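Next come two complexes built around chain A: one with chain B, the other with chain C.
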Partner chain A sequence: MSGFVATVRHEVLSARRERMPQALLVVFLGMVTISSLIGWLTHRTVTSVWQTTVAAGLTTAPDPFAQATPLSYVGNVVIYVILIGALLAIVLGVSSTLRGRRSRTTDLILSRPVDVAVHLGAKLAGMALWLGVVLAMAATLTWLSISLILRGALGAGDTARLVSFFALAWAFLLIFVVLGMLSGVHGSRETSALLLPIVAWSVITFVLPQLGTAALPVSLLNPVAAVPVQGAGFALVQQVVGPFALAEQFKTLSGTLLGTGGAGSVGTAAAALAIALAVGLLALLGTKRDHLRRDLRD
Partner chain B sequence: MTSTLVVARKELLDLRRNRFMALLLGFILVAVTLSVIVGAAQFRVKLDEFHQYVAALKASGSTVTAAAPQLFPLQLLRGSIEYIELIGALFAIVVGYGMVAKEKQRATIELLFSRPVSRYSVAGGKLLALAVTWLVAVVVVFAAVIGVLLVVGRAPLQPVDAGRLLIAATVAWAYLLLWSSVAMALASTSTRLSTGLIAVLVLWLVVVLIVPQIGDTMDPDNQVPGGLFTSLQIAKPDEQAVLAHFAGYDTVRNGLEVTSVTKHYERLSFALLGIKDTFNQLPIATVARQTLTYSLSLVLASAAAVVLALVTTTRKRLLRRTS
Partner chain C sequence: MNDIAISTTGLSKSYGDKQALDGLDLEVPAGEVFGLLGHNGAGKTTTVNLLTTLLQPTGGRMMIGGLDGSSNPDGVRRIIGYLPENVQFYDNLTTLENLRYFGRLSGLHKPDARIRQVLEYLDFAGHENERVGTFSKGMRQRVGIAQAILHEPQVLFLDEPTSGLDPQGVRQLREIIVGLNHDLGMTIFMNTHLLSEVTKTCTSIGVLTAGQLRYHDSLEATLRAFPGESSLEDIYLHLDSSRVA
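Up next, the complex of A and B:
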């Protein structure tokens, strides 16, 4: 048990010291801080546009943001979790396993009677803890920025929704930490170990959603869901590839938790994320001792 | 000059043997072609809906005529261009970074500089290899896209389309070379290889994803599913009249977007291929005149990146870092 705690502490310390995650962390927290401002500015403009069109007698449609909640300002944070957060998680995961391989400490540790699953589990727990701290900081920044915009503290209900969203983001990012760790364990070189999960991330974020909905890659970076095309087999393709489009599933669940509305089934989205995390964990914790120590044979 | 060519030839051989490089290029090829197939399928859906609409009109005895949706084949390339700007740039970084990283990791840089090579031979050779690599990659990608347009999209391409595609391919080549050169320069100047990779990946994240994303989400029309003005049922001329009241906001939004070279690449390509409706079917010369700022900025940025890579990938800098 002490070995487990020592590994967890070592991971947290290393994650704090690594420069690449630090750089991404600065970008992530910076963007989270200003995202509410961007959301508020955009909402205000859209409402002004609507007022102008109504005044000119061009429309009788209701204000599109009449029912918008204060949490709709944080729509962009969902995208920053998918973009910057996922990359940060990948880098953390890859660095964690590669660090041990490069310094040969993994070989040394596994020469002792240490269970591989416990060792990798402790590494993951350390990074999960670190990510938890990062997301707690992001949640606090978001809460403060919305409260500042509202000129009053965010209500208890909305605060609970915000906390549940960041808890979901934590679980979502763990999938990418596991993906990064797997790549670090199996990759032959540092560059390919880092880039293969990034390629997988780009497939999940851009390619799969396009196949099922015909949404354009750039439009997937918009927090507002694209209207899916019906017909020509798109619905069928979406049924097959949709669950693998984890970023879209995360957007669906986030929309539900934040009360901003999600395009898709909540059950499917939750199941897709849970299964992806479970499969990743099984693959990671099932890593063979010989495979982890293969560098000794090189 | 000879040593530059020797370095370039060796780099090209390395890249040809690199399985990871083949994987990356294969991936981008699959992504861009799939994107055209999806675009073609989407157009067919639109056409089917139109036919159903016409049939319903006839059945109701209506004499109203509706305009059929028109296929502009090059507009099907929108997703492909977006893949090149997002994922292509990332792969360009990988290739450019690898040019210097592999020499440092294998310690072959000392061996290379033990030969009587001139100041810019090594950098020049590597840049030449990058230029050739991206030329071949862009030719393959655009050839595949044209093939898919003709076969799957059943799109009748006109001779003028060939010119548009040729210029769009050249623009894509300049964009990819820009990112490879930046990555090469940062890998050369950083004291630790990982620092160079961090810097260029963060730069990619900000320039390619974050800045355009902010601009995109600040667009009022992107705030409602299907578009704000569509949901308000406002015609295009009225939309422009309304937006004229928000010129200041749009100037800030646009000003933010144009700080990203990726947006310049996107706007230039969209204009050339007629993806942006305001440029669709305009003569190439007119489009070129109206997008001169973007062409110039892309050319200047690419040239600056190449020069930066050339002056930073030197014996003094590379050997100092590895000693």
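Up next, the complex of A and C:
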């Protein structure tokens, strides 16, 4: 067995044994499972209010959910991926690279015929595999819960779009795994190594989207992308910082896949996420041996 | 196998203005247990880090088992075993899981049989499925020795192997080191500041002070060369004080 495969297996095993990722995993899967139920109850309540209002002759507006797809029930999963999933990914990434420094096994590994880029790539592949399994479980639970609500199996087209959404979520979360791994390599202390990517995540998710949109922080918890404010100044700011607001870009692409709509260009969103992942990978795989060997200060 | 296990010529390492190792010329024949003595900061760990290819030298050359450490570091890594000071291992994993990982990194495709053989040899069988996080320092050192010899290296590097061990642990580890040399013919390079251990374990010694090798000879010749000194400790202090003088 090659060192690459050995490290992939080792990462998956280690991630399975650590408590923090497990706790976040349980929360994530729990929220995903009840997401469809929440979506269905919301649809039912709003439709009921609409029917009552129409019956009373108070409105002639069409059914707000007349055009809604079955996948719109799981719109909230988008925000669970951004909030809980990203934190899970950061914890996984930080743990992955801090583990060797904490246990002082990095020197043991580097005293073997191991290439640093291959080693870190294998670690990332292990995390990617672990996340892939988690998201496959989430996709299955979602598919089952929507099918239960619909009292019939979800159609092939919608199933394909659901799978595409979870594949997108996987790619989005990999960005945060890489961010966490980089912080685990370069952080001087365990606490700062965990804190820094969380700060970066909060900036990406809550600060950047506000620059150029009229979004209030709480409205950024909506699963649809915030609408940019009209006006030359805001448009310029939005053009500059918008692509870095990765959570909003993820919402744009998710809205297209799930049929929940939202603002933003699909092309820009896809490019922003792909570039962020590529830059992160380059930084990670370019890590020098000496950086891996640095002792923690705490 | 090469007759000379470790050979260095002018091996140096500096960090900016600080010279951590200054022109080390050393030859350790195969089959020796070599003890590198020196006080804290003398450059012992830097020497081991260079010899295990963890650090790049800023000058000089080194050969391990006939392989050039600069041009063929992966070749060197395949024929050495290494136990750093204070290694903890992965607490959440069992002995077997830890050793499987390091065995596979060392190129063993199906390491389980070899792991059981090594644990048996180290008198550590029965602990395969226990988590390393529950182990004492002495038990961890056995896991450490096990990972270092799984792939049957030609040269084994031990950095302060008895550090933090209780007297019983020190004795057990000493028996293991002597056994590895006698039974398996392994060349062992050991950093230590415990002079009593050197007397009982090593066949040759070197004394490093301020990054320079001040002395190198067989233990027997050393004890003969200083008839006025009653112990290796006195000899070491004599050599070390001559540096100050």
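Rule of thumb we're sticking to: the second predicted complex is superposed on the first by the 287 of 298 C-alpha atoms of A that agree within 3 Å, B and C clash if a C-alpha of one lies under 4 Å from a C-alpha of the other, contacts with A are read in each partner's own complex, and residues count from 1 in each chain.
Everything that follows uses one rule, which is that a contact is a pair of C-beta atoms (placed from the backbone, for glycine too) under 8 Å apart; a residue touches a chain by one contact, two chains touch by 3 or more.
In this text the structure is predicted, and so the values were computed from the model without any measurement.
Once the two complexes are laid over each other on the shared chain, residue contacts for A:183 go to neither chain B nor chain C. Once the two complexes are laid over each other on the shared chain, residue contacts for A:97 go to neither chain B nor chain C. Look at A:6: by the touch rule set out above, it reaches chain C but stays clear of chain B.
When the two structures are aligned on the shared chain, A:233 is found in touch with chain B, with no touch to chain C.
In the superposition on chain A, contact of A:293 is made with chain C only, not with chain B.
Using the contact criterion defined above for the overlaid structures, shared-chain residue A:105 touches chain C, although it does not reach chain B. When the shared chain is aligned, no partner comes close enough to touch A:36: not chain B, not chain C. By the touch criterion stated above, A:14 is placed in contact with chain C alone, chain B being left untouched.
Looking at chain A, you'll find no residue that touches chain B in one structure and chain C in the other. Residues 1, 3, 5-7, 9-10, 13-14, 17-18, 99, 102-105, 107-114, 289, 293 of chain A touch chain C in their complex. In the complex of the two chains, the chain A residues touching chain B come out as 19-20, 23-24, 27, 31, 38, 41-43, 45-46, 48-50, 52-53, 56, 58-59, 61, 64-65, 75-76, 79, 83-84, 87, 191-192, 194-195, 198-199, 202-203, 206-207, 210-211, 214, 216-219, 221-227, 229-234, 263. Put simply, chain B touches chain A in their complex at residues 20, 23-24, 27, 31, 34-35, 38-39, 41-42, 44-45, 48-49, 78-79, 82-83, 86-87, 90, 94, 97-98, 101, 194-195, 197-199, 201-202, 205-206, 209-210, 212-214, 216-218, 220, 222-226, 228, 231-234, 238, 241-243, 245-246, 249, 266. Contacts from chain C toward chain A in the complex involve residues 49, 52-54, 74, 77-78, 80, 82, 84, 86-93, 97, 100-102, 104-107, 109, 147.
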